[in-house]
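Chains: A, B, C and D, in written order; residue numbering restarts at 1 for each.
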Amino acid sequence: MEIENTESTGRLQPALVHGLAVAIMVACMAEISGSHFNPPFTLAIYLCGGMELNMVAPYLVSQLVGGVLGAAMAKAMTSRENFYKASGAAFALLQTDSDIGAAVFGEVAMTCLVTMVVLLGAVNTTTRSPMVPFMVGCTVIINILAGGDVSGTCLNPARAFGPAIVHNYWVYHWVYWVGPITGGLIAAVLVRLLLGDRKIRLILK
Amino acid sequence: MEIENTESTGRLQPALVHGLAVAIMVACMAEISGSHFNPPFTLAIYLCGGMELNMVAPYLVSQLVGGVLGAAMAKAMTSRENFYKASGAAFALLQTDSDIGAAVFGEVAMTCLVTMVVLLGAVNTTTRSPMVPFMVGCTVIINILAGGDVSGTCLNPARAFGPAIVHNYWVYHWVYWVGPITGGLIAAVLVRLLLGDRKIRLILK
Amino acid sequence: MEIENTESTGRLQPALVHGLAVAIMVACMAEISGSHFNPPFTLAIYLCGGMELNMVAPYLVSQLVGGVLGAAMAKAMTSRENFYKASGAAFALLQTDSDIGAAVFGEVAMTCLVTMVVLLGAVNTTTRSPMVPFMVGCTVIINILAGGDVSGTCLNPARAFGPAIVHNYWVYHWVYWVGPITGGLIAAVLVRLLLGDRKIRLILK
Amino acid sequence: MEIENTESTGRLQPALVHGLAVAIMVACMAEISGSHFNPPFTLAIYLCGGMELNMVAPYLVSQLVGGVLGAAMAKAMTSRENFYKASGAAFALLQTDSDIGAAVFGEVAMTCLVTMVVLLGAVNTTTRSPMVPFMVGCTVIINILAGGDVSGTCLNPARAFGPAIVHNYWVYHWVYWVGPITGGLIAAVLVRLLLGDRKIRLILK
């Protein structure tokens, strides 16, 4: 919702807004829902044994519904122009096919990083930390500051899906499904094979 | 008291000042007074069973007195022009009736969010967290960054009341009572019906 | 040491540098020295029963020596012009006698606030918190952001003393002794009479 | 990776990106590897009895390999010009021999500070703290804000080594080995002689 960024603050405002919002939501909802609002997180948590298979689909559906509700509320609240600017990188950043390679790679790498923080901070027993809400939030902040102009730092298909539905605009939309989900899967594989503790790691026990 | 913001930092300075001040005050006073300095918080905490009815009025009176004292101190300390700029959105942002709808909606939505963080972080047993001062402070930061130009992000009738008394200026003042209190009540209802634990939730036990 | 602030970031850089430096030093040294690097803190902690009388003088001397060493190191490390800019508000901000009233009041009010956070977060038993390093650091951040142009937000006579010795420049130097020490004493009185727990409070037990 | 800093935000963006990235990595990996990604940290931790001698070389090799992999990934991901800008101070800041004295001194002083925080926050028993990831991260932030234009605030030979390999550019490269390692050694000496607890201190027991 960083609808009024002034140019001169660079990406500091959107980075802080998104990162701190994630931190607060994770902290508030951890004991209520587990606080995963992002399909790649849900898939990676399931693959690392952190949730049951039958809960995966309800989570994914809730995330997409949440994305659409959020986009609709933002539309109701702001001017046409500001809402368009806040609709995400598929609308503003990606203009030609030549940008796609870097954007997909950026989404993969950055979603992999933040999913790894989620898995290590909240699922993996030896590395679990009460600071995980702020660790995940800070990872979002650095991803936006470092990679904002590579891919728009979406990291979440549900966040891309909402504005896409509201605008009925699907150009480059697949980038924000393929990138984040690939990144989440790579994070799950890294934790299962390398970084996880004995309980989670499948090899080298 | 963000009386000397430079244009070029956008809303980063006021957001950090207000958010961190809230975090510190909540942390320092939690064991002394419960740290609710805002009428919507007091009402919502009472409605969720977090305090006795006979304490509600003394809290509300203290909050309003505090708002007036704060405004008077700021007036003593700063130049006429800077004090006017710091007096809040009713003085500077709302200029025509056409702005009111969005301002009220913004105050409702943002106060609802921050009150929900207060209720989940400090009242609701399963989600209570020692990090609640920083969670509330960060919510204030994101509200100011995201919604500062929609409503001025007051969220607190006592903060609006102080400068209104000192200037004897009441235009659009009601916006900062109706918006925040409605938002606080919605948060209390959401926690009582949906988000609270068994002890707080009235239904679906 | 915020010797290279660009104009366009307002006071964000000096605020973050000073506030976070205080947080880190307090966190690192708490178990070694108690982490009070500031005469008003030492006086207020003594007045609230947090340290023995015979330790007060050694702390004050160490603080002043530290201030001089810091100023000398900064002089060695930076250009003449940058060092002058970093020498504090007595050198740059206070230019005429008409600024003094507000500067003294600002130093009193802001040092009172940060000393209160120190006393409540580190000395007073019921409100003590492991987050106290970050609470004190954040109070420094908000003081610099909110009051930087009122008094330069020194808050610490030792920090003023160092550059004054190195430059042998004593104009308005007394402001940064009278203001902070008065503020620290008021904080100690408030905690002793009003905010402290039964053990610390002298009245209303 | 702060490849897209706008001029107007000064050093706030690189400071936050690097500092928060360090905080997150330290928090995630503490139980997996001990989270030291920097040769001076490894040497100082070994000298203070925090690790076995036979682990020192594997850590140093991993750090250098990590530096090269990171530089190679950044090269793959960004434009030639942006990659060059992100390659560090040896490429951009140090232009003449007259800058070297201050740069070496800056690297020594700042690496000494951050290594001291690592040793006190993670190795020294009486001062150990669960907040150490954020303490180290915040020290990086203040080092970049305060000393960014003195030496480029590298603090880590591995971070300098990566881009030097990838560009095959070795001018002034030694500065970022001599400075940080000297700083780390001084920190270890200070902790061993002065700041450490009885178990670590070699004298004055």
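The rule is simple: a contact is a pair of C-beta atoms (placed from the backbone, for glycine too) under 8 Å apart; a residue touches a chain by one contact, two chains touch by 3 or more.
Every value quoted in this text rests on a predicted model; they were computed, and no experiment measured them.
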Superposition of chain B upon chain C: rotation angle, C-alpha, nearest 5 degrees: 90
Greatest separation from chain B - chain, by CA centre: D
Interchain centroid distance [CA atoms averaged], chain C/chain D, Å: 29
Euclidean distance of C-alpha centroids - chain B vs chain D, Å: 41
Residue numbers of chain C (touch at least two other chains): 8-9, 12, 134
Graph class of chain-chain contacts, one of line, ring, star, complete, other: ring
Set of all touching chain pairs, with the criterion as stated earlier: A-B, A-D, B-C, C-D
Residue ranges of chain C touching chain B (in the complex, touch as defined): 7-12, 15, 102, 105-106, 109, 116-117, 120-121, 126-127, 129, 131, 134-135, 138-139, 141-142, 145-150, 195
Interfacial residue positions of chain D with respect to chain A in the complex: 1-6, 8-9, 12-13, 16-17, 20-21, 23-24, 27-32, 73, 76-78, 130, 133-134
